[in-house]
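In the two complexes that follow, chain A is the common piece, with chain B as its partner first and chain C second.
Moving on, here comes the complex of A and B:
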């Protein structure tokens, strides 16, 4: 059936003030809605982390202390910090209040503030994931744009992508280390000193991500190239590359953006292994150490923090959609 | 005689595509000559090779197309030697190309201004492009070009959008414009605007090649017409001569297939379709001018199957928003056919949804067989749903692609409790009624042609023996010749089963041909209603007059 509604919208005086106001209104209410639901998700994550502490078997003090033997002083400090002598609801509100102020408590294993610990490790991880994201996007866009709809290049690229997707990133990391660091000595073996030390970890993390995104992007490009508008653009005398880059890529990027958003969230857990292989500092390493050392305050903080990252990413993806497809901006449903 | 040099000069054009059983020839031995200032039309149904011919003229027949010709000259150059680079030089600057429906033929994600700038090519600098864009938009009759440049295609009305598409095609002032079905699927008033614009350009001495399945569209524009069928030109000549005295029976069929006032009560397609895998029009060699009468309908004027009483519906969930349907009332008697005519956005589909019980009215009632249909709960409605069937415009998307024809039709019999052998018998019976044999039982929607799919949709609608059929633009996506077959089937079956028909269309000719009564809708309101002959013979409302004046007719 034909939809009456969009056609009707067309009949409104276009560009009239009411239309613009409505557009802004719907855009802002959408952004506010997204932020609101993000806040709910974060609150749920915080509450779950608090509940898990209460439900876990054993004494909370022992849980929070981790691997160490609790001395009376430490025990007293924990009791004071968490308000363990007070009723459960007060403890919970206190916990919420603290986290609202960016205070994730103290790690008794590492003898430091969890917040400053995480913030100090955040930068190396962000550096690694954004570098991996750049690798992934460059790889995906290049591979998809150059091979979409072309029989043999397409087959070759698909095969290469399949290999990359099915290769575990740590193994790819080891191979890259062996070839480029040990044999060719082009890049450092480990550490996080300069840009060149970022290249191999970013490749090992980003290539498999790029391979997945590239497959979706290529499919989208091929669909777009079959659309009637592609024929129109060609009939203007535009080159094939112009058609692909200026017109079709935007159409193809809609599903790819969603996928990338989710995968980037997953990179944080993927980063754990890569950081280990390349001996880099970062959140992944902190998480592993905390889990092994039963350092519960850090583990809880990491859990809440990853919820935050997913919320931010999915909000960004939604807004990117509005940016990419103008048709979504004016529809109310 | 010293004739001018033709812009297009083609002799013995053959286009092949590789297939699993060897190459198939989609165009065979086509000769085409177009002189500057001339308008030429290629006419034929889908699959006749007209569109691929048009695409071959700009080197876009497809990667795997094998284009051969004895002579293939454009503007005096031998394009058989052309490489992609040469074709690109030609596209846009020498030949402009207009496709149907700008909603999908312009990039929906880019502004009109950006697309015009692309259409100018890389030769001009930006400020010059901006000025030229304004000029071009004005030349196609767009009043406030500055504003339109910053808008997206979906923000423009149908008429403006189609003008903008034409603007991109003529941006570089090409010598020839090829228009491939430029008005198909458009509202009649938009169609009128586009035809007027093309006519205006033609009068100004521009060269035009128009591709269409519809002879009435072509008759408005072309000096010369070539009728194509199965990749071959079966007839060509001056438009007036071909239309008034067609020499080939196929041209006669195409002319007869156009539904008009004079075709009322008669078949549009020549003979009853034979059971066949492929739709093949059998051209009777003798007596081409004799029309075959359709069976008489039995209308029980005293029994109202459907009564629509002062329906109202607002858009969205608001209670203050604009009315999509405003105070619409009509009755439909048993065995009668009622047409709803209006442009997109007039609210006709919303009325259909309320009749089908898919949308509840804000005010007013739908009565079916004297029962308050729109007031019932879904659980009360469900037992009666089989009695009301829908035939949609796009049956490809309304069919489950994983179902075969037997399941597609059989599914509609769940509600009336027909299973097992009885079901199979009924499915075969309705398939037979739409002239499809048992070999179709295992076909899937994708394996059917557009006409066959619509015949399956009709079979499915009639299978549970409904009292009321709602057909929402059921033939709008079909070629004239296929449309003729589908309309004939619909008329035959409606008479045979005595069902009432609510027929929604933007095509006045189709409504005039098929229905007994008509209501004309504009902006949610009924502006005129009554007996179809009376309304179309003497329209009282200015909007009806406008619609009737806008439709292209053979002359």
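Moving on, here comes the complex of A and C:
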């Protein structure tokens, strides 16, 4: 981070026409590139999941027979019902063909249509993870901005963050429930009904992520505060808070955004436990049950949808870089 | 039809007395009072149904909600007898091969279809078809040769050969509206699959809750119920709360009215509290037991199996793990089923480290290795317990750890516990390469649970995890299932029990699974089904104002 890029100090607005054209151009080429690579990622996700489930122990017919008697008639009926008597490559190609038409099949275990299953569970999970993300960002920004470079507040905040990071979200969820739901009766225990039922799950899922990001953000802020431009800004007579929010936060946020984009994947998997504790609907439990029960159609659909979420997120993170760092915009012509 | 609105009719009083012998409960005197109509109830439950189709759903823990909608031909009384329900009566031919059921004429499914002989036959025929029921078609239904309607309200079932447990199966099969078999929803179940029960499935939010409304036309409760006519409650919601501590907190904070599945640690919280009621009841079926593989590894030697059984002080282990809230098991079936269970096996074995060590010395496991375990020819005495991760519940992981410590301390046996995914589990089961599989089968009844565990694997022993193949077992089980004489059956199962547990050490019975329910004081009439003792549906429940 150097001083010789003037755009970086005085925050040139995005208003000038040439800038907009250039920015749009880079935006479109990026988006197109993203869509292309996104399709490849989706295909790879399907193929890898399909292959790994075939390699994983346990034959699907045996699993579906469960602890009943495996008579030849039963096995034949199961193979016929799920198309398992075809060669693997045919099953794979047929599956690809079907998903191109939006048909994700039927769950072996739940017996229900996978598309409607995933769609009904996707929204609650997205709600939970977005709320957790908001919690994480608000927590990280507040904690970092208020404590960076200040000796005692910094120590206290660091200690609190360390506790949050090392607390299992299962336990945090139980503690939050015990205090705010069972004792104070402020929030309902479970379900996905209204805003108040989202508060505790979002806190238990988002706080530890917020604590990690906050540490990185604080480090970045402290580095930025040491930079010569900070001295310049101070010499203009800006208040300390303005310096931190307007000038330094931008510098500090690049690594934090990268980390957040990466950790959001963790939110999706952490949602499993939070959903379980709070009795919320969501993809988490569906996924775990499907993997444990080798419920191929559900696992594949979840793989596709999570890959899709990752692609969208990493695209958003990349776009966010462009907004945050003008140097990337000009370089990308 | 008698419209009995009194809480304690003579029949109910007799029932209550006989039940109280089996059910530990703290129902207080203030439960008397006349039931109030109306209101809605929220019930926190542990297990979410994989499918709402009662034929395809094998989860005992979800029967309490499915039974709001689906009913069967006969109901069971606490002493194991059968009383009319959708059927007014039944007759079994002297050769035990033909069963005739007469149906009530006034029963309607909630989709408007009338219950008649054709409807019941459709259910049975569909269940026999592997394309509909998959592996279930190979279960007890496979004994059925033909089901036909003799007239509008009479069905006749002919078996391939006499099979005594068939009555329990046929009389407890949930009857689904024949119209539902055409529904695309049939296999997953749902509002499109109608039953005859006191409640109607109204909406299901996966991962969250399931909601039922009262069936206003309901007039056909069995005599084992506490009242007749429609249910008291207008609606009932089951919330899925898989964490035990969360269920407890939801009840204590008044967010749900009733919960099931209470951990041993939380039981006293409700039992000793006047704000709540607490009841528990033992299940029928096979106890949770360690089945010891008699064809693989060290347990192939009967002395090692007997040594393991002798080595542990199970009483102490159960007390420390469950704080005295679980009942120790001794035999091959639940002590509730007094028609099949011979209680003389109790206290006749176990907690004898001296015997255990003697047996292991005789078997050649004489060297102690650096870990303190016994070994032979450089091999450690290791018995690997394989359990599917998904089936771990009720602190069974803690129980196994306690057994592991005991086996090491008392006899130098290395119990290694492996939690595996469903695929690995299926592989290990079918290959027979495991030391032990812990398992229970509840609720079951009338002996077919015992058959699953002790028939040869290729002749119906689908969960024969000890892989026992002694010819005596097959002889006794076939003799027991082909006679209707209770005394003969009892004697045969008693002999099998002594042979399997004491002579051969096929299994180490651990505890009798039970169910627990706790409720706020305003909730009245909750309880357990007679005989099978799973939590009963919401039919008799009412809310005190």
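By definition in this document, the second predicted complex is superposed on the first by the 253 of 333 C-alpha atoms of A that agree within 3 Å, B and C clash if a C-alpha of one lies under 4 Å from a C-alpha of the other, contacts with A are read in each partner's own complex, and residues count from 1 in each chain.
Everything below uses one rule, namely that a contact is a pair of C-beta atoms (placed from the backbone, for glycine too) under 8 Å apart; a residue touches a chain by one contact, two chains touch by 3 or more.
Keep in mind that this is a model prediction, so the values were computed, not measured.
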item: Chain B versus chain C as contact partner of A:237, first or second or both or neither; value: first
item: Contacts of A:177 with chain B and chain C, given as first, second, both or neither; value: second
item: Partner chain(s) touched by A:101 [first = chain B, second = chain C, both, neither]; value: neither
item: Chain B versus chain C as contact partner of A:325, first or second or both or neither; value: first
item: Touch count on chain A, higher of chain B and chain C; value: C
item: Touching partner for A:117 - first (chain B), second (chain C), both, neither; value: second
item: Chain A residues touching chain C - in the complex, by the definition given at the top; value: 56-59, 62-71, 73-74, 76-78, 80-81, 109-113, 117, 120-121, 124, 174, 177-178, 181-183, 185, 188-192, 275-282, 285-286, 289, 291-294
item: Complex contact set, residues of chain B against chain A; value: 55, 58, 60, 84, 88-93, 95-97, 99-101, 104-110, 118-119, 121, 147, 151-152, 154-158, 165, 168-169, 171-172, 315-316, 322, 324, 344-345, 347, 349-350, 352-353, 392-393, 472-473, 523
item: Residues of chain C that touch chain A when the two form their complex; value: 50-51, 53, 56, 58, 130-131, 134-139, 142, 187-189, 205-209, 239-243, 245-246, 249-250, 252-256, 388-390, 421-427, 430, 452, 460, 462-463
item: Chain B-touching residues of chain A, taken from the complex the two chains share; value: 1-8, 10-11, 14-15, 227-229, 231-240, 242, 246-247, 250-251, 324-327, 330, 332-333
